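A, B, C and D are the chain letters, set down in written order, and residue numbers restart from 1 in every chain.
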Amino acid sequence: MIRVGVIGATGYSGAEIVRILSDHPSVELTILTSRQYTGIRFDEVYPSMTGVVDLVCEEFSTEYFCERADVAFIALPHKLPMEIVPELVHRQKKVIDLSADFRFKDASKYEAFYQTHTAKDLLETAVYGLCEIYSEKIKNAVLIGNPGCYPTSALLPLVPLLKREFLDVETIVVDSKSGVSGAGRTLALTTHFCEVNESFRAYKIAEHRHNPEMDEVLSLQAGKPVSITFVPHLVPMSRGMLTTIYVKPLKTVGFEDIYNCLTSFYSGCPFIRICPEGRFPNTLHVRGTNYCDIGIKLDAARNRLIIVSAIDNLVKGAAGQAVQNMNLMLGLEETTGLLNAPFPL
Amino acid sequence: MIRVGVIGATGYSGAEIVRILSDHPSVELTILTSRQYTGIRFDEVYPSMTGVVDLVCEEFSTEYFCERADVAFIALPHKLPMEIVPELVHRQKKVIDLSADFRFKDASKYEAFYQTHTAKDLLETAVYGLCEIYSEKIKNAVLIGNPGCYPTSALLPLVPLLKREFLDVETIVVDSKSGVSGAGRTLALTTHFCEVNESFRAYKIAEHRHNPEMDEVLSLQAGKPVSITFVPHLVPMSRGMLTTIYVKPLKTVGFEDIYNCLTSFYSGCPFIRICPEGRFPNTLHVRGTNYCDIGIKLDAARNRLIIVSAIDNLVKGAAGQAVQNMNLMLGLEETTGLLNAPFPL
Amino acid sequence: MIRVGVIGATGYSGAEIVRILSDHPSVELTILTSRQYTGIRFDEVYPSMTGVVDLVCEEFSTEYFCERADVAFIALPHKLPMEIVPELVHRQKKVIDLSADFRFKDASKYEAFYQTHTAKDLLETAVYGLCEIYSEKIKNAVLIGNPGCYPTSALLPLVPLLKREFLDVETIVVDSKSGVSGAGRTLALTTHFCEVNESFRAYKIAEHRHNPEMDEVLSLQAGKPVSITFVPHLVPMSRGMLTTIYVKPLKTVGFEDIYNCLTSFYSGCPFIRICPEGRFPNTLHVRGTNYCDIGIKLDAARNRLIIVSAIDNLVKGAAGQAVQNMNLMLGLEETTGLLNAPFPL
Amino acid sequence: MIRVGVIGATGYSGAEIVRILSDHPSVELTILTSRQYTGIRFDEVYPSMTGVVDLVCEEFSTEYFCERADVAFIALPHKLPMEIVPELVHRQKKVIDLSADFRFKDASKYEAFYQTHTAKDLLETAVYGLCEIYSEKIKNAVLIGNPGCYPTSALLPLVPLLKREFLDVETIVVDSKSGVSGAGRTLALTTHFCEVNESFRAYKIAEHRHNPEMDEVLSLQAGKPVSITFVPHLVPMSRGMLTTIYVKPLKTVGFEDIYNCLTSFYSGCPFIRICPEGRFPNTLHVRGTNYCDIGIKLDAARNRLIIVSAIDNLVKGAAGQAVQNMNLMLGLEETTGLLNAPFPL
């Protein structure tokens, strides 16, 4: 059994990693750390886990953590990971970091939207953990920058079409809608029940930090600068993310071309489900799963391609993809521990 | 007191009209009709109304209705209104129809998306009841085609900018999100609680009937054909509609130009609230009110204008605008009966 | 116009008072105070109020407040009101306090559940503002202890039956369910969206501070000690409170006796609606209103009376009843400003 | 692999059985029947199941079903099961029926609340499938009457205490709150989104059909007639059930007695979790699991015992318990296929 630890286990992403790993047949959870709940049993923080996880949350120290675990998931706010990752990598731990700290190739872009980067030399080493796109690199990686939830939902449908040069990249608009768990467990008025319930709004319009993350990946894939328009919205539900993408196709493309491009690109990918013509995703259909469902509408009369994708922001958008990355890094079957049957509702 | 009747009073739009009129100081509710609840007290169908509305739902007959009321609100599914409106107009009743039957100038467009129109001669007479845009015509109208909820939310921000030629009309994308009451009270699996709760999805992608309605108005205002891309989504909440609009501005426009255009256009309009720079609407802030809140983001780097509007789909998007139309038609103050204070949550 | 101020205007109860008073025809809102938002416009805190309320939140000082207002609503956490009320009363202001500080006649009970009472001499002066029960005293009051939301929902149905000696007071069980706004606007994990949504739980079981409040009123009404079992629960919705009461009736009572007792007791009370046999309240039917709906089931076979009441916890359970108290104190019609038509949904 | 079929697979309980069985290591799903969706792929009815379940819904016929499956789950409305069960039992199929048809020992009680029973001779054979209470009988059963959701939530905490004679059975009040999925997938105004959302109400007060079901089991366990007061309520959430039980304990009982009684009774039962003193269940903590969490409060001053239990109405309250019954009947480990890790939210 591979020994795995979760650093920052009591936030929503961390707890979701704990959920998945507690059912994972090839790994053993050996250490959970938490800044806020040090010394408290994990199942007191999440009583659903009573009888399932028996660990006490501990304070993080590199020394102690490295004795206890061979793989590290980091579910801390950005800035904290880059302070501890270099030492973990140095001690040959495999690291999957869910923050933005190791997602960018270009440190200046990170620094423009976050803060000074203090472990720049690792950016080259780190692999962007968008599993279906970078699986080969991930298999050999020691450090993963696990993608943001919004980028995951937008890049999975866009990248294959971009690579085939089906899209006019000047025209990409990404309108995303996320459940509230994406904002985490930290208290804020914007996630206070009565402020969210019966409420719908956009936020960080064209200013969200996932925008440069998407732009960098798309630019690398397209081989030229791409800068998309991105607006996230908050949906009064706990889990789920729907992304609606608008883009002008290049002239000669038909529905079959789009559909075939995606299905062939993702033919060996069990977590990507392309909807048949006339069907579209619903966040409820991927809730609690690692699936990304994609639906396509080609509006020929207006020469507009509309793509809709749905993921569970905490699973494929965070913890599930992180475990998928671990599986790839460890040479396990990609789906191990991630195929719990979807709920009908 | 002006005598007013509501035809189709027990659907959500009809009941919302009843709510507003029961507080209206200048009119008296004299007759409510319902196909499904004939003979049943209105407050048995809507127990919230116990002690407030004392009427029994009746079957509709032109003769009887015309004896009892001078103004008719029609909240029936499309097709039914065009069967009864000609006779009501003939008897000099003022009619506000909430269906699509009298929204189009061009009958062929209506017929392409609905069915054969059997009262085409009234399309010329009818006025599209988008109050802030067509107020002068409305004041003299005898028949109003009350706008759809999606068109109201999109046209109010677009029309002033279009008239000033600030927008590249080839690039308009309208991404709307609606609360569930917009689907009405008729039972359907798509509005069954467990299918909607914790669910988010798009529907009728680029095929919604409000698309040609918006296109016709925008084309008339622009003086040339406009055809927008429109995708509606369903939000797990009862009331509220948020519309996010993406459009390329024409080159020389700055934020101030946009902002000033809207504020000056709507300077005498108490129901339109333009958010200051950096602030954006939230459906919760207009819930239960007749307001339309509008926020603007000009992303100069990407040359993209993003406009967000919020309305209550049942009020400004249906019943509230209908009463506002009535007020204009009757020469009353436009806001009469529509200024109940907004709820903080 | 009577000049009214709200102390603690930016919590949910305070903001709801502002909503109601902004529509009230006989009073003028002249001052709003807030500890957290001093110097900030009220409509920045609650953007729904843009164009409706034009005041800036101010710091509270007795001197300044008394210059500006003749009536004071206090919507502060308990303990703070008793520090400022004596001076307000001394200056002949009429005061309606929404905290628990002036609800108890017996200071020792207050002190057992809250803290040392520093204004005990005013407890005699203060009137418990359960409007329909104490209306005569309220008319002459200068200081109101506005009832808690749970007590309002339980006492309104119980008091008339208790006075008629219909109930075996040893057997009263009160099982209440409240919307989340009852917990206020202060951030807490227990009101964080993802912790509440899709969640239902009991809390403070048989230990809630509203228990002794109900016990004191019931004991005074019964003329002997009454101690009920009370369990509150949290419902994943913003507004509304449903209370289910279980009690053994004394032997000779039939449904008609119960029904007639309540309808005759509340015959002149516009806000109390007794449901006919076989019908029961729903929080949705009182949402946003000052109504208390009451339904009755007499299970003769098991000799058990079951009473269900529904209120909006922020209106009849807080701000609405507070304004009703003000109306009574000022000699206005009891319903002034409180009869906005209920929403159908 | 044991071949299993689900009769009535497209209702919520049926679909939940499909979910669980699709992950079950010892059985193979071989046939799904549906009256409404005959001929349609199961994953078209529940798109979440795309790539997981590959079956087409079929019409039920005894002959064909018996060829295809050795175990039958029946998730049909009551009355239909008793028409097909005799033949299934005759052909030596093992049957778990989720309706009320085989829950009662006394046919007259069934007939008083449902309709004429047409397979009375099987009532003796059938075992009431409350797993933790009747496990020995279940192991040898060929026909299970799977308990109702409300009875499961109330009986699990009550039975052990009743058997120890800790409870004054004359005083039992059961106040239950259920998520909306309990009402099934059949369309009704009472489960229409806008009628449920932001709504809370009681229904079938002291008249629910689960009342006699609970009474019969409790009477058998107590060895004397027991008749409880039971009121169910509807919570605006999809899944979950919380039951609050009020009962007078017999005099000499303390908290430790109650706690020890439950923990020792359920010592070998992995799905029953007794909360330590001062902690209480939350439906969110059992969502999607087969757990029943139980919390206890002994209010000595008022001599009242308050018990709170939480289950997922579709899992422990229906499909999960049904599979647990199958496991017991087949000699499998009781927990097989039922230990998916709980979600943190």
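Note that contacts are C-beta pairs under 8 Å (C-beta built on N, C-alpha and C of every residue); 3 or more make two chains touch, one makes a residue touch a chain.
Since the structure is predicted, the reported quantities are computational estimates derived from the model, not experimental observations.
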Exercise for the section: Touching both chain A and chain C: give me those chains, sorted by label. Expected result: B, D
Practice task
Please state whether A-B or B-D has more C-beta contact pairs across its interface.
Solution key: A-B
Exercise for the section: Please work out the Cα centroid separation of chain B and chain C, and write it as a whole number of Å. Expected result: 37
Problem - For chain A paired with chain B, centre-to-centre distance based on mean C-alpha positions, whole Å - result: 39
Problem - For chain B paired with chain D, centre-to-centre distance based on mean C-alpha positions, whole Å - result: 46
Problem - Of all residues in chain C, the ones touching two or more other chains - result: 12, 181, 194, 197-198, 236-239, 282, 284, 287, 345
Problem - Complex contact set, residues of chain D against chain A - result: 12, 15-16, 18-20, 22-23, 46-52, 181, 198, 238-239, 270, 273, 279, 282, 284-289, 291, 293, 339-345
Exercise for the section: Over in the complex, which chain A residues touch chain C? Could you list them? Expected result: 12, 180-181, 185, 187-189, 191-194, 196-198, 236-238
Handout entry: For the chain A and chain B complex, residues of the former touching the latter
Key = 171, 173, 175, 177, 179, 194-195, 197-203, 205-206, 227-229, 231, 233, 235-240, 242, 244, 246, 280-284, 287, 297, 299, 301-302, 304, 306, 308, 310, 345
